[in-house]
Every structure is written in structure tokens, then in C-alpha cells.
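What follows is a single structure, and I will ask about it in a moment.
Chain IDs A, B, C and D follow the sequence of writing; residue 1 opens each chain.
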């Protein structure tokens, strides 16, 4: 099932998967950095949605990376989920002026786009 | 977003979430047991799909548990994914006569049903 | 290596492992609940250490559960780590009056004790 | 606790952490690739230890990456664990002639060394 799905059914190529894995690694990295930095902010009360979404985004990116690296037949469904979480995280980051939020939004929008293409 | 989604928008109640978490714990437990046992089987060559799906099922169940325990706004989408993975794992287990596969199929079908209801 | 380590070398029995898995599940559950509740507190600024340790505790408990359920040769080392993280989380929770912190401390101290016994 | 530990107590610098994170990413990538390839081998019966260690190695690398990216006070203990798992995985891979095992061994030995330095 895994091999067949991977080799014959998916309209994605190796290069596209590698770029998506790299985007997930960068979104995970930016989300973890934003999570830690948000918790150090003076106005942490205003950052609680961002903290929650950062954690969830990093977790789902990890799952998406594993699914692509192990040729999961659920890769497309997981990338769709990852796109949704990354987009929500990016939109929340857009509300805040902090440098770590700006960097996280950028990485998450990019990851959302590549994951969306994977799942299309 | 988290709190609003959780309290107002979802048509699920606390009891339903608790039952689904418990079903995910049992599916994760059965998948990990099946994974280990498959790798000890003499005819491991015939069990490779089962091994892969067991690992993936345990991983996704962990994500679903966390999403329900932290009131994630993506809980429904994650439960839908978990239902799909559990069902695939159960169907693969159905092909094999081993006791660990039978137990895993049972736990995974049950989890798939409860996760499907969560995501409906 | 896995099977040999599991069957011959470890001074732990099946009952002890089952109790430790259950304690990890309860510590993970309490940590995730405490994490979500801390982020809703008015004085969230005072809860940031608790939030970080809750997340880390839930993550490490998940790893410990998997290591015990898959008979990992690193089970003892992972349980030692889990004991350390659970204890730190419990001590932080002890500083706060909230009901979710009290419940989390209780579950984490219990888990730390059982994990410590596993790694002894 | 997190910030203090990170800034004052650890004898590691930013550059060292970044290199270790990158080594963990590469070990995780190689382990996932080796895991998938082992399960496709004709002589899969001889690869079962490798399969188990590949999965565990990828999981622990993920935890180590998160601990470094979130400035965990348990970073050093987790890197010690990651070094042990990576070394065991590399040694198992050394027993096999496959190209994916050779690549995995190389990435895991390198990761083990950098993680060992982090935990020293």
C-alpha cells in the first residue's frame, strides 16, 4: 500500500517533497522560537493564542516531516492538516509586532503554501 | 480562538471527548504491541505493511490525544485523520491470523468509529 | 537486542511496566489540562514556567509510554528522564494555588516515583 | 528556570546548538529513510533490529530538536539520551551492507558525537 501509493498514485515528485520537508523544518523551527519568545514577553497575556498555535504548529510539522520521510499513504491528508495549522499560526502571528512573530508568520505561510500544493 | 471554538462551536460534549481519548489510548497501546510482535514473527516479510501502519497509527493517536486534551481548534480535523489511519491499520490487521493483529484491529475499528463521530 | 534486554536483563516485571505506563498516561493528561488552564489564567505572566514544563512533561511522558509499549532497550534511561521532568513540573505546580496545578503536581509526583523505580 | 539555565549555566554556545540541531535533523532524516528502505528489503527478517532502532532514533532526534529549539532545562539530559540511541542505531547499521544503512550510520555517528558534546 505504502510503496504503491507513493510510486504510482501521487502526483508529486521527489523535488517537491524535499522542498516541502525543508519548509516544514523551517516552520517548526520558527514556531518553537516564537513559542519560547512569546513566553518571555512582558505582555504574555496578549500572546496566549500565539503560544498555543506555535506549539500545535511545531507538533504537526513534525508529523508532516515524518509522513513525507516514511512515504506514508496519508502524506497528502497530513499535509492538508499541516497547511491549515500553519496558516492559522501565521494569521495569529500577523497580529503582533514582535520580530519572532514576523519570522514565524513568514515561515508558516511558506510552509502552508507548499503543504497545500502537496495535498492538491 | 481555542476557547471559543471549544465551548461554543463544537457539537461534542465532555463525555464524548473522554471516551474518544480513551479509545485513542487503547488503539495506540494495541498498535505499539502489534508493531513489536510483528517484528518478532517468523514470517515478518508478510507483516511489513502492518508494521508501517502500526507505527503510523500509534503516532497519529498520540497527536489526536494531545489535540483533545489541549482543546485544539483542529481537534475535529485531526480526529478525521486519526479515523482514516486507524481504519487502514485495522483493515491490514484483518488480513493476518495473529492474536496481536486481531486485538489491534478491534481497538482500531473502535477508535476509528469514535474519532469519526468526533469529526462529524 | 530489544527482546534480550527486555526478557533477560531488566529487573522489572510486566505488572510494574503496566502501572508505570498508566501513571505516565495520567501525568500526560494532567499536564495537558494544566497547560491549557494556565494559558486561560488572568495572571498568566506568573504561570510561564508552569506552561513550559507542562508541555515538556506531556511530550516526555508520550516518549516514555512508547518506549515501554515497544520494549525499547532505552526504556530505563527514558524513564529516568521522564522522572526528572515530571518532578520539575510537580515542583513548579506546587508554587501555585490553582486546582489544575494541584492535580498536575499529584499526577507528576506519582509518575516520577514509578519512573524512578523503573530506572533503578 | 528555563532562561537562567540557558543563559548562565550551560557551557554551550549558540553555534554549537545550531550544529547539533542540524545533525539531529540529518540523523532523523537518515533514520526515517533507512526504516522505510529496510522494510522493502528482501531479507527483512535480518533487518528487524535496524527497523526498531531507526524508529526510535527518529523519535528521540525529534525530541532533542524540540528541547534545543525551546531552550529546555533538560536539553543536556535529552542530548545524552539522543547520543546513546544514535550510537546504538549506527552500530546496528554497521552490520549491514545496504547503502541506506551506511548513510544512516554516518549521520547517526555524527549526531551522537555532537549530542555527546552538548551533554558533557
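Just so we're on the same page, a residue touches a chain if its C-beta (ideal position, glycine included) is under 8 Å from a C-beta of that chain, and two chains touch if they have at least 3 such contacts.
Because the structure is a prediction, the values reported are computed rather than measured.
Engineer: Tell me which chain's centre, taken as the mean of its C-alpha atoms, is farthest from chain B.
Structural biologist: Measuring from the centre of chain B, the most distant chain centre belongs to D.
Engineer: Among A-B, B-C or B-D, which pair gives essentially the same interface as A-D, with more than half of the residue-number contact pairs in common?
Structural biologist: When the contact pairs of A-D are compared with those in A-B, B-C or B-D, B-C matches.
Engineer: Roughly how many whole angstrom separate the Cα centroids of chain A and chain C?
Structural biologist: Centre-to-centre distance between chain A and chain C: 27 Å.
Engineer: Report, in whole Å, the distance between the mean C-alpha point of chain C and the mean C-alpha point of chain D.
Structural biologist: 22
Engineer: State, to the nearest whole Å, the distance from the C-alpha centre of chain B to the C-alpha centre of chain C.
Structural biologist: Computed value for the inter-centroid distance: 22 Å.
Engineer: For chain D, what residues touch not just one other chain but two or more?
Structural biologist: As it turns out, chain D has residues touching two or more other chains at 2, 40, 52, 55, 66, 70.
Engineer: Spell out the part of chain C that touches chain D in their complex, as residue ranges.
Structural biologist: 1-2, 49, 52, 55-56, 59-60, 63, 66-67, 70, 72-74, 77-78, 81, 84-85, 88, 92
Engineer: For chain B, which residues count as touching chain C in their complex?
Structural biologist: Touch residues, chain B against chain C: 2-3, 21, 25, 28-29, 32-33, 35-36, 40, 58, 62, 65-66, 69-71.
Engineer: Going by the contact rule set out above, which residues of chain C touch chain A in the complex?
Structural biologist: 39-40, 42, 44-45, 48, 51-52, 55
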